[in-house]
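Next come two complexes, and both contain chain A; in the first it sits with chain B, in the second with chain C.
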Partner chain A sequence: MSTVKVTAPPERREAPGSERARRRANGGRYWRWLPVAPATALMLLFLAGPIGYCAYLAFTDMQLTGQATSSFVGLENFRRAFQDSDFLNAVVLTLVFTLLSSIVGQNTLGLLLAGLMQRASKAVRSVTGAVVICAWVVPEIVAGFLLYTFFHKEGTLNSILDWLHLPSQNWLYTLPILAVSFANIWRGTAFSMLIYSAALSEIPTEVSESAQVDGANGIKRIWYITLPMIRRSIGTNLMLNTLQTLSVFGLIWAMTRGGPGNRSTTLPVFMYDQAFNKALIGYGTAVALLLLVVGALFSLVYLRLMREEV
Partner chain B sequence: MSSAVRAGTGARPSDRSGRRPVLRPGRRLSRRGRQRLAADAGLLVLAAAFVVPLLWLVFASLNAEANLKVRPPTDPTLDNFSAVLTDEITFTPMWNSLLICGGATLLTVLCASLAAYPLSRFRSRFSRPYLLTILFSTCLPITAVMVPVYALFVQINLVDTMHGTAFFLATSQLPFAVWLMKNFMDGVPVVLEEAAWTDGANWWQSLLRVIVPLMGPGMTVVTIYSFIMMWGNFFVPFMLLLSPEKLPAAVSIFTFFGNYGAVAFGELAAFSMLYSAPVLVLYILISRRLGGGFTLGGGVKG
Partner chain C sequence: MAEEVLLVRAIVPLTLTVAAALAVGTLTGCGTTDDPDVIEVAFQKDTNNQVTVREDYVEYVAKQFEKAYPGKEVKPVPIQASQDDYYTKIQVMMRSPNTAPDVVYEDSFLIRSDIEAGYLQPLDRYLEDWDDWSEYQDAAKEATQGPNGGTYGVPDGTDTRGLWYNKKIFEKAGLPTDWKPRTWDDVLKTARTIKKRVPEVIPFNVFTGKAAGEAAAMQGFEMLLYGTEDPLYDKQREKWIIGSEGFEDSLRFVESVYSEKLGPPVSEALSPNIQTQVPTEYLPEGKLAIALDGSFLSQQWLKTGGKPWPEWSETMGVTPMPTQHGAAPGKVSMSGGWAWSIPEHSGNPDLAWKLIETMQTPKNAREWYLRGSQISVRDDVSEDPEYQKSLPRTEFFTDLVDVSHYRPALPVYPQVSTAITEAMEQVTTGDSSPREAAAAYDKQVRSITDGAVTKR
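Coming up: the complex of A and B.
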């Protein structure tokens, strides 16, 4: 390592011997990129392929009922979607579901849990962490059934309400979208909790303490010190939660199947229903494309947040 | 932690017996104590809210007459489990799950580690756009592409095949696996590899003999994480598999809501326990690993 000439430009740290060894070890300039090929091929075939196919299908009238050819119909599917009251209903429900469960629910509850865990005793902290994470690790479909029994007319929630002498409700019938939103909060909060726990533990205690010495009370410390210091984590977490929530299907399917009627039909359920139950693949795909575009926009925002890390 | 430090300075310096200095119960300390009590109480309330549905699962699986309410079984029995543990109900779907998810996980980890190596080690003007694309596709809602994937699979005769499903599952997990693996590989010092190159190893040897052993913890995390995600995935096999004998546990669970009217909730709970157990165990394994094991400092001397 000590063969670097004095005249070498200072930014060149590697010894020439090591550089030669590296080149020999790595084969040619292009061959060394060969290992990327299998992953790239898979992603082109099964990810980029379907996305491209999605963009094509959305402009056709393809159906599942075995008609021989499908023809190009232009923007017909989209025009139809925006005049379809069921589609608009699904858009509104998706917005409610996302706002309620991801942005308000998981995010706030996750931050609250992480904040409390910092102050709590070790035993309580680990018990709570285990329970919340358990709800997250349990497979989606099992979580769906668990919350189905919880919100069912004869289920646990109503028996708790009875015990407290509060009026019970047929939750899955009167407010299905609220029930599935709570289900998603139950299932997804652990992720926010983990992100925020990591973020909060990185705040140096000196900062918060010096604010305390300067006379800032608890709320002021949270607002002016804690939140600004974890703002990057908040951004990341909001993006990932929203993207995750946009594609929730199994949970809703297990709990309500989008019903009763279409009162918990979010976009993924609507898409599935149109494409398979109503056999309109072209129309279902147009809805899928819209969902994909929304997802892509969120992903771009996320990329901007993560820009420094690539 | 800081409370102990601050309280410690309040103790008299002459307090130098073998024991730790006795904390003076000042106002600030008791406020800390109150805060801790309040935080504990708040957490316990939240934990109780989270644990109720999980309790239903445990209680109902042990109760022969389980219904929709959480109720400790008066007469705990394992009848539900023995009723469920048959070829048709449990073993075939679990085996299918294992084949599909295991195969897909192997494929994902293999492709991801191969791809991560050049991405982590070499510079090229393509690597940054490539990584950005990968990161972009980790976020795309996979649910949205399932309808076109189904249409595509019909065209190329992959619908209702387990390998087709495994290929798609592997690909859907691949962007994140590549991203994770690349970051883990960045943590393995290049110096170690350069030593191997100087000794005459080619890139393949240095990957196999130097990187893979050092990447052990990272690869374990990627493997287990991918497996957990695939094991729990419902929508992909739900769309791509049709024959009952090929269905994995994630989809076959719907047979409990079969055409026979009444739902056997006890058996549903028992099956759910069996189906969830592997991922819970695997998660515990990596959460331990995540705690330690990521220090590669021992590999590099001076």
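Coming up: the complex of A and C.
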């Protein structure tokens, strides 16, 4: 801990007795914000606007069809959600999906790949990088169809398993949440890998070298040197991964449509199903708001993790 | 802190101005297609690209229309989606004047719901001056009426449902080719025999689950339920029936089909492609022995269809679906159909009506009945010899009209239908027993209808 005391600067320095000077200062600030104004306006219009509208809809019983006028119903939609076993099922599946595919899958695999690539030859590095990033570049819906054909009963994976004389699988039907989690890992690992590659290359070689001189073995070096030094990157990566995974829709929709039954219905799929298939826009948006809350909770945890000092 | 407040104070007016400018820009930017000379026609396009039956027909009519009204243009808006997604899409489109088409193809089961939502225009002012309207049968007219008696669509045919079966597979299995099942058990027994004797084919398809949507609810479930003692809705008391034995028995039938592996593999049965797969793949390729399906199935096997199959009329037999225990009248059918409507937000309703009129000249109406394997709802076309002798199965399916049931024509029906498909999916996957699935349905229907239910 540093012992230097920093005195806070005075909040505003008054030009003695000059009203005009103050106004000029305000004007200066006004113009200084001009460059970010378009971005702010866009955010307000296309982010805050829809979110506000969504928040309003969540308190109404609006339907897509079969209803002349909608009315305000207060907390009814939320009350309904917490009594709806399908909603609770979707929450559990969302947590499973996020934990499995984002936190365990993408994050760990990304770190592992980045670590291995650091030591690999240039050729291996560029080939691996290119392959992994390809999966990231492919649009979500295309990835969804690719993986659908991969996991399908008569798909690529079973052809390979057959050829190896191994028993075949039908995960899209028997373990759909696992199949979509694998799909999400396949698609999202590149992002983690890139973040960790950047973070690892920032670690000064002297630090790990001196640890080596002090007799720390590989695992100890990773645990005491590498991981603490890239802790902030881990936090950032986890946060971005988690938030992205929480809102995955297209991939799951293309692969399983949330089925069979409800076995892969995560919150975004549940929300779509309620709002558009069942025409319950009000209830669907209430679920969307709850999804937002789940995302916010995760972010809080990660922000907390990042703020702590080493 | 004070600094921040100050900044916010500076930002707000600026952003508001920019936001307002942007908003105006976007609104005027996305141009509406309300060109007075262009009629947009929205309809469903099959998920299988080979199937273009409806598109071809719209284009066929569009050509005549453009010739009759020089300078006007018909713009087809085919929506390639499964049926449920199609319904959602047109509802979303019709909500806004910016995206509403001028003519829309409405499923009769959804039309009440969309009328209630204010998406459609009453057509009475046009129908009054249209002589052909008197040719339409009353049942068809009622199907497109709103609660206040106005008419919101012109039906372009109706349909009935029954059992299609492949005579060649029946021969192979040593079964008589003039199949006449009397009860549900007869149907299941036949399917079991086929499974045993011709193991390489799928014995029996009953649509099920959420992905097949209304096809599962109507072709599958209601064809069973209306053969029991318990319908879906009690008309006299105006209440939905829950807790009925018939409902559970119907689910048990679906469960038997899928747990005994008499149906397609469950993962196929629950996929949204199944509805296309049955007529364009399973049946013509001889992979499926019996299909509980609609009269319109043969549209795919005509020259204009997605899978032309000239031999279909010799290979495929038809027989009515029996009631549960053979109770009178001994057979069940359900009827539906589609209609052409004009959305409330159509920018050009008068010209849109002219297009509907063109579609429904006796000749064009007949053309669709033939191409779409529809049952005529117009007396003039029904008497037309060319219509009568056109399709080998028309007589059979037309006769079923007498015993045919209609779905409850109420705005909440589409939601009830979704609840049915969920119950079906639960028993198809084996996640729930028929009793549990029926109980879950009861609970849902109670909530959907605000308690307008009656227990059997």
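Observations on the model:
One rule holds for everything that comes next: the second predicted complex is superposed on the first by the 253 of 310 C-alpha atoms of A that agree within 3 Å, B and C clash if a C-alpha of one lies under 4 Å from a C-alpha of the other, contacts with A are read in each partner's own complex, and residues count from 1 in each chain.
We take it that a contact is a pair of C-beta atoms (placed from the backbone, for glycine too) under 8 Å apart; a residue touches a chain by one contact, two chains touch by 3 or more.
Just so we're clear, the structure is a prediction, and the values are computed from it rather than from any experiment.
Contacts of A:Ile51 after superposition on the shared chain: chain B is touched, whereas chain C is not. In the superposed pair of complexes, A:Leu172 makes contact with chain C only, with no contact to chain B.
In the superposed model, A:Pro38 makes contact with both chain B and chain C. Judged by the touch definition given at the top, the superposed model places A:Gly284 against chain B, while chain C stays out of reach.
After overlaying the two complexes on the shared chain, residue contacts for A:Gln63 are found with chain C alone; chain B is out of touch. In the superposition on chain A, A:Ala296 contacts chain B only, with no contact to chain C. After superposition on the shared chain, chain A has more residues touched by B, the comparison being chain B against chain C.
Contacts of A:Thr156 after superposition: chain B is touched, whereas chain C is not reached. For the contact definition in use here, the residues of chain A common to its chain B contact set and its chain C contact set are 26, 33, 38, 40, 42, 45. Touching chain A in their complex are the following residues of chain B: 1-2, 35-36, 38-40, 42-44, 46-47, 50-54, 56-57, 60, 67-70, 107, 110-112, 114-115, 117-119, 122, 124, 128, 130-132, 135-137, 139-152, 167-168, 170-172, 174-175, 178, 194, 196-198, 201-203, 206, 228, 231-235, 238, 250-251, 253, 265, 268, 272, 275-276, 279-280, 283, 287. Within the complex formed with chain B, the residues of chain A that make contact are 17-18, 21-22, 24-27, 32-33, 35-36, 38-40, 42-43, 45-47, 49-51, 53-54, 57, 62, 109, 112-113, 116-121, 124-125, 127-128, 131-135, 137-143, 145-147, 149-150, 152, 154-156, 159-160, 186, 189, 205, 209, 239-240, 243, 246-250, 253-254, 268, 271-272, 275, 281, 284-285, 288-289, 291-292, 295-296, 298-300, 302-303, 306, 310. Interface residues of chain A, counted against chain C in their complex, comprise 11-12, 26, 29-30, 33-34, 37-38, 40-42, 44-45, 63-68, 80, 153, 170, 172-173, 257, 259-261, 263, 276-279. Contact residues on chain C toward chain A in their complex (touch as defined above): 2-3, 6-7, 10-11, 14-15, 18-19, 22-23, 84, 87-88, 91-92, 110, 112-114, 116-119, 209-211, 265-267, 270, 272, 411-412, 414-415, 418, 425-426, 428-429, 431, 447.
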